[in-house]
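Chain IDs A, B, C and D follow the sequence of writing; residue 1 opens each chain.
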Amino acid sequence: MDYQQLLSDAMGAARHAAGTGRVADYIPALAAADPDAFGMALATAEGEVFGVGAWEQPFSIQSISKLFTLTHVLAQGGDDIWKGVGREPSGNTFNSLVQLETERGIPRNPFINAGAIVVTDRLQSLTGDAAGAVRAFLRAESENPLIDTDRAVAASEAEHGHRNAALAHFIASHGNLENSVEVVLEQYYAHCAIEASCRDLALAGRFLARYGLRANGSRLLSRSEAKRVNAVLLTCGTYDAAGEFAYRVGLPGKSGVGGGILAIVPGRAAVCAWSPGLDKAGNSVSAVAALDAFSTASGLSVF
Amino acid sequence: MDYQQLLSDAMGAARHAAGTGRVADYIPALAAADPDAFGMALATAEGEVFGVGAWEQPFSIQSISKLFTLTHVLAQGGDDIWKGVGREPSGNTFNSLVQLETERGIPRNPFINAGAIVVTDRLQSLTGDAAGAVRAFLRAESENPLIDTDRAVAASEAEHGHRNAALAHFIASHGNLENSVEVVLEQYYAHCAIEASCRDLALAGRFLARYGLRANGSRLLSRSEAKRVNAVLLTCGTYDAAGEFAYRVGLPGKSGVGGGILAIVPGRAAVCAWSPGLDKAGNSVSAVAALDAFSTASGLSVF
Amino acid sequence: MDYQQLLSDAMGAARHAAGTGRVADYIPALAAADPDAFGMALATAEGEVFGVGAWEQPFSIQSISKLFTLTHVLAQGGDDIWKGVGREPSGNTFNSLVQLETERGIPRNPFINAGAIVVTDRLQSLTGDAAGAVRAFLRAESENPLIDTDRAVAASEAEHGHRNAALAHFIASHGNLENSVEVVLEQYYAHCAIEASCRDLALAGRFLARYGLRANGSRLLSRSEAKRVNAVLLTCGTYDAAGEFAYRVGLPGKSGVGGGILAIVPGRAAVCAWSPGLDKAGNSVSAVAALDAFSTASGLSVF
Amino acid sequence: MDYQQLLSDAMGAARHAAGTGRVADYIPALAAADPDAFGMALATAEGEVFGVGAWEQPFSIQSISKLFTLTHVLAQGGDDIWKGVGREPSGNTFNSLVQLETERGIPRNPFINAGAIVVTDRLQSLTGDAAGAVRAFLRAESENPLIDTDRAVAASEAEHGHRNAALAHFIASHGNLENSVEVVLEQYYAHCAIEASCRDLALAGRFLARYGLRANGSRLLSRSEAKRVNAVLLTCGTYDAAGEFAYRVGLPGKSGVGGGILAIVPGRAAVCAWSPGLDKAGNSVSAVAALDAFSTASGLSVF
C-alpha cells in the first residue's frame, strides 16, 4: 500500500476543510494556534514512518494523553480500573457533570474528562508520577527525548480549570479518588500539556496496531487487552461525536482539543493527523477530514 | 392567643414523631446529636418570647444561616443578587449539580447550597466578613453576645466538603463568583457552623414578622422586601420538600440539617423548632410535626 | 377597602405591560385572541362583585380548570389522589416528560399537564363525567348557566395534542391511569376548553377564600383542605414561574394559557385577571402586572 | 477456519452463562420462552451455513428487525433519514424519553426505540408496507418463505405499548413523523414480531459481511454504506451496553429482547446467536457469552 500517496491525498482533502474550524480558546496558549496548520504521520506495525505537512511540529496533545494513561494503568494494575470508571459512550458533552450525579461518581468512560481524572488518580497511585510515566513512554516509543510538558500551558489550564476542579471534587465526594484533588489535577494538567508531533504520536500509538507490542518488542498489553482498548477508543474516543467518527472514519481514535487525532489500523499502522481548528464537538475539522479520506481511499476501516 | 399553650401542645405532637428521624451524619460533630432532643421558641412582633423544651440550648444552625446572608445582601446591595441567583423552587435535591449545568451556573434559588454559595460570595464582597456579619446580627437581635461559630464544626465541614467545593468551582467556571473559591467556602462554612438556640433564632427572625423592622426599631428591609423574602422562604426554604411544608405548615420557613426550622407568621411572630432527627429531604421530622400542629391549632397558616 | 379603585389602578398598571406578551398560538382558536384585551374581577367572601375592563367577556380558561378538577377530586375522593400525584414544584417547564421518566410516572404536582391528566382520570372515575362536573360547578357558583365547553377549541387541542398524548401514554405505561388514554384526554380537553369570564371565575374561586364554603353555604372542602389547596396553588399554580409569582404577587393563583389568572386572598376575596399576551413561562404578562399592582397597593399579599 | 468447531465451543461457553438471564416479560408471549434455550448459526460471505443447538428454531426477532428497516430506508431513500435521526450512542436506557425532550424530537440513533419508530415511518412512506418489506427481504435472503409476523405477539405488544405510543406521540409533536402515530406503531409492532431462526437471520445479515451484496449478487447498499451501517451497529446496536459489547465481542451487532443477536464479521460472515435469558441492558446473556467466546477463539474481532 502506498502510504505516502495516501497521506498526500488525505492532506489534499483536509485542505478543503480549511477555514471552517475554530481553535480552542479557553486558555491563551491554545488560542494562539493557526487553525489551518496541518500535519499527518503514519507508522506501520513493521516500523516504517511516513509524513506530510507539519508532521514533525510539536503541538499540545491534550486529551490524546488519556489513551496513554489508560493503557499504563491497564498494563500495571489490571482490570481494577473498571470498578471506578465505565466503558460506555457518554451521550453527553465531554465535561458533563450530569452523568456523574446520576451515576454516583462513576464516570461513563475513561476518555471524558471525569473518567480521565479517575484514570490519572489510579496511575498516580501506581507510579507516583502519572505525567512522568506518560512522558517516558512517549519518549521511548518515538525515540525523541525532547518530548516534554509545556509548563506554561499546564499552569494556564490549572488557572482556568474550575470545571475540572468541580469534576474532581465531585468524584472525590463519592469516594472515587485515592489521591488528593490537588495532586490529581496537577498530574492531569501535566500530561495533557505534553507537546509532541504527529510523528511522535504515530510511533507511540503503534503498540495498539501491534496488538500490545512495544517498539522494543516487549509486551505492554496482552493481545486481548490491546483489542479492547481499541474498542473503547472506537466507542468513546472522540467525545460525543464517537458515532459520527466511527461512521465516517471507521477506525479507533483519540482526539484532543489541541487539534490532534491519533487513530489505529489494527494489525497495520497508527496514524496521527493534526490541525488546530475544531468542530463543535471538540474534534479537529481537518484531521477528521484527512482520516476520513485516508480510510475511504485505503479501504482500511475496520468495518 | 395563648402562645405558651400552643407551644406545649406542639411539643406534644412532636413527641409522637420521636424515633423516626435520622441525624445528619456526614460530619462527626453533627452525628453525635440526640435525634429526639427538642426545643421550640416563639417571639412575637411586640417582643414577647415563649419557649418549651430545650429552647435555650444552642445547636448548629446550618442552612438557617442562609436566610440571614440573603437578607443582609438585600439590605446592603439591593436587587443585584437576583442576577446571579434565581428565586424558583429547585425541584431537585438540595445539592444538585444538574440544575447548575443546564442553567449555566445560575443557581435556582438562594437557599439551595449552590445559591447560598453565590449569596455568601456577594455578602463577602459587600462586608469583607460574611460570617461575621451574620454573627453580629444574630447577637444584636437576640441580645446574646455568646453566639459564635463552632470552629470544629466548620473545619469538619470543610474537610468533608468535596461536594460544596464542586459546586463552588462549577459556579466559578461560569464566572458567577467575585471572590476565590477558597474564601467563599471558608465564609460559607463559618456561617453554617454558627451555634444558636431556638430562642436566639426566633428573636433574630422577628424582623421578617415585623415587615423589615429590627428589634431596635431600625429598618433592615423595606416592607415590600420583607414580604418578598417570606415568599422565597415559602417556595424554596425547605429544600425540595417546600411544597410539602407549605401544604402541611403553611408558613414561610427555613430549615437546616442541624435540625432547626425557623418559621415566620407575618405580622405576628417568628417561631423556631429544633430536633436533630431528619427526614429524607433533610428537614427535622419533629420540628415539622411541631410547626404543623402549631399552625393547625392556631389557624395562623398564611393560607 | 375600596376594591373598585384597586381594580381600576391595577388595570392602569396592566396597561403599561401591554404589547409585550405573546398570544398562545399552538392552536388557531387561541392564536386569534387580542393580546392586549384585559379584564379583571373580584368577588369578596361576603358576595360582592367588582369588575373593570372586559370582566364579563368569556375566554378559554385552559389550565385554570385544573384548580377545579383537583378540588372536586379532593371533595369526593379524599386524599388518595396524592398517591398518584405529588405536590412539589416541578422546577421544569410545564409539559416536561423528563420528570415523569425519572420519577416513575408520578407527576410532580396536580397543576403541570401530566399531573392534571392524572387528576382528570381520577375525577372521571369518581363522576363518569369529569368535564361535566367542572362545568356544573362553575355554573352554580357563578349563577351563569351559559358557561360551556367550546367544542371547536377542544377538538383543535385534541388535534394538536401529541404532547399531551405522549404524557398520558407514558403515565399509563406506569400504571397510573384508571381510564383509557382516549377517555382521559377527551375529558381533559373538554374542561380546558371551557369558556368563562373573569366574573365567573372570581365567583367560582370564592370558596377558597371562604375556607371551603360554597356560595350556597354548603361545604366543598374542610377548612384545612381549602388552606392546603391554596398552599399548592402558591407553590405550583403558575407553571415554573411559581417562585416569581409568589415573589411579586404573594397570593395563591392558577394561570392558564388563555391568559387568565385566578388568585385567592384567603379570608377575603377571589380575584381574576385576564389578558391573552403571555410571557415565556406561559403566564399572562398583563394579568401578572395587574395582580402585582393589586397586592402591592392593597397590602393583601399573604406574606 | 473451522467454523463448526468454533460454534460448538461457543455453545459450550454459553452453557456456563445458563440460568443467569431473565426472559422479557412485558408481554405474555415472550414471557413463556425457555430462558436457557440456545441456538447459533453462521453464514459465510461465500454462502456456507453452519449451526449448533436450536439454530433452526424460529424466535421473535424484535429489535433485530431495526437493522433491516434502516438498511432498506438507506437502500431506497438515501441519506435523508439522517435528518430525522442521529447516529450517536444514546448513553441512556433504550426507551428513554429524556433524550428526545432535550434534543427536540430527533432520536439519538436508529436502534433505540424512538429512532426505530422514525425509521419505520420513513420506510412506510417509501414502501407503503414497512413490515412487508422486511418480511420479503428476510424470506428472499434465507430462502425460507415461511418467515412471518406472529400476529398474536404484535397484538400483545400493541396492547402493552403505552411507552412506545408515548415516544411516537412525542416525536410527532416535534413534526418528525410523516405518517400517523397509529399506522407507524402498527408497522413497528408488525416487523418486531417477525419470527425467524438463527439460520434465517445469519443468511439475512450476510449482505453486511459482503459489503452490501445480496445473496443473488445484486447490490442493496454501496460498499461505503455497508461499512457505515456496521459502524452504527457497533456503536449503537446493543442498547446502552454498546461499549461493553464492543469491548467483549468486538463485532458490529444488533440485539433483540427475544434473545437474538446478529453480529457481522466484515468480509467474512454473519453470525446469529439466540437465547431468551436477558441481562439488565436487554441483551441475551448466553448469546453475548457465545459471541464473546467465538470472537476470542477465532480472533475475528474487528480490532
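Rule of thumb we're sticking to: a residue touches a chain if its C-beta (ideal position, glycine included) is under 8 Å from a C-beta of that chain, and two chains touch if they have at least 3 such contacts.
Computed from a predicted model, the values in this text were never measured in an experiment.
Q: Trace the shortest sequence of touching chains from chain A to chain C and report its length in steps.
A: Contact-graph shortest path, chain A to chain C, evaluates to 2.
Q: Measuring centre to centre, with centres taken as mean CA positions, what chain is farthest from chain B?
A: D
Q: Take the average of all CA coordinates in chain C, do the same for chain D, and state the distance between these two points in whole angstrom.
A: About 47 Å, centre to centre.
Q: Centre to centre, by mean C-alpha position, how many angstrom separate chain A and chain D?
A: Here chain A and chain D have centroids separated by 32 Å.
Q: Based only on mean CA positions, could you tell me how far chain B sits from chain D in angstrom?
A: Computed from C-alpha means, the inter-chain centre distance equals 55 Å.
Q: Within the complex, which stretch of chain A touches chain B?
A: Touch list, chain A to chain B: 96-98, 100-102, 162-163, 165-170, 172-173, 181.
Q: Which bits of chain D are touching chain A when the two form their complex?
A: Going by the criterion above, the answer is residues 86-92, 99, 108-109, 224, 226-228, 230-232, 234-236, 240-244, 246-248, 250, 252, 266, 296, 301-303.
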